[in-house]
Amino acid sequence: MMETKKVNKKMTLLMFSGEYDKALAGLILANSAREMGLDVTIFFAFWGLTLVRDPGKMTMEDKSLFEQMFGLMTPQGVEDLPLSRMNMAGLGKAMLKEMMEDDKTPTLTDFLNGARKKGVKFYGCKLSVDVMGFKEEEFIPELEIITATEYLQDALESQIQLFI
Amino acid sequence: MMETKKVNKKMTLLMFSGEYDKALAGLILANSAREMGLDVTIFFAFWGLTLVRDPGKMTMEDKSLFEQMFGLMTPQGVEDLPLSRMNMAGLGKAMLKEMMEDDKTPTLTDFLNGARKKGVKFYGCKLSVDVMGFKEEEFIPELEIITATEYLQDALESQIQLFI
Amino acid sequence: MMETKKVNKKMTLLMFSGEYDKALAGLILANSAREMGLDVTIFFAFWGLTLVRDPGKMTMEDKSLFEQMFGLMTPQGVEDLPLSRMNMAGLGKAMLKEMMEDDKTPTLTDFLNGARKKGVKFYGCKLSVDVMGFKEEEFIPELEIITATEYLQDALESQIQLFI
């Protein structure tokens, strides 16, 4: 009876930012919370959706010109994200990644894959997906598209909610 | 007896950012939460106050030079807000607005007016208003000035609190 | 019997940003919450750690070249932090500080020292400290290094949690 691990508590993250360092913060919290036995949900909205794009699956079909441009100009997958500060055209981020490697810290991709394996629920904001013109098949397969209302229902049942 | 709609639950947003995309996120959440029957409070602080300026009501009276400059340099009303990323001197924002229009998504102004009509409570942070030199009559009439302590009392009773 | 002041309620801030205005928001909330009798915890992660560096205690020992560069390039103590917007190479911040002074608002240093005196708990994120190569003695003495898991345990018991 491993019931003791089940705490019936929940964390809901609203991942709005599409930046390397903030994504790292969100995914480290998600992994840690799952290890503690919490239910974890991440609701990706706006720039946050760039974290869960599948780099190999961009499509240009059925998109307006702006949607095509937008798809090309925004990062494709987590390693492509800029830093929120001191990005310095990528130099700051390269430095941070070196420092993480020196320290044997897992990469952002490792934390994302860890969250996927540990059963974190991935949701994408329907309105953002529609406005940005993304297609469901352009995301990692775990991502389920839901409305802001469904996110709020989830958040109401959560002990921890953060907007990142 | 419409009592069923009343859930007696509450969301409190602290709107710190004065950016178009983050304002959109906050106001979409506020509208959705009201439709679900939640009580919703938004506490506007710092840059967030630029969202609730009434564009036609700027005054220069009783302001120091810095306060006058500040009033002129900061956005006057929601459509004037920059994007938090890829603003590109307004080009990125214009593109986002086109994409929203193509998609028949309401504008930020629509979401703000929706929140006003739906009975979202609008509070402004007293300390921020004082420091920035804004006058109460420069804001939309719904805005009530309160202290950080009053915001915290509100947040303590809320099931969802987010810092945006 | 001053038991009435003790509300047994708690606020947990995750201070991720290392910006003057956001630090001000976080520390004003922390001071106000303590005055209301709440337990207050601030968990400093990533850029947020630059708020709790002790300006006089930077060390170059036992650091890689990147860690040394990083220590030099990031702000040393609160008054050194940039604004999140309109920083304009320091001009915007100087203006804000003038406006705060005109208004007799305490400085960021005052709010930080207030929080220290009022018994706010200061925690630093272990993973961030390790990656950035900071040494425990480079921080203000109140700072205790803990893991993300320990922060989450704290947050689970809190009525208010914000990611700043």
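For reference, chains read A, B and C in written order, and residue numbers begin at 1 within each chain.
By our rule, a contact is a pair of C-beta atoms (placed from the backbone, for glycine too) under 8 Å apart; a residue touches a chain by one contact, two chains touch by 3 or more.
Bear in mind that the values here come from a model prediction, so they are computed numbers and not experimental data.
These two copies of the sequence, chain A and chain B, are related by a rotation of 120 degrees on CA atoms, to the nearest 5.
Two copies of one chain, chain B and chain C, form a contact in which under half of the residue numbers belong to both partners. Taking each chain's centre as the mean of its C-alpha atoms, chain B lies 25 Å from chain C. For chain A, residues touching at least two other chains, in rising order: 161-163.
Every residue of chain C that touches chain A in the complex is listed here, in rising order: 14, 16, 18, 45-47, 64, 66-67, 69-70, 73-74, 127, 130-133, 147-149, 152-153, 155-156, 161-163.
Within the complex formed with chain A, the residues of chain B that make contact are 9, 11, 21-22, 24-25, 28-29, 32-33, 35-36, 38, 84-86, 95-96, 98-100, 102-103, 105, 159-164.
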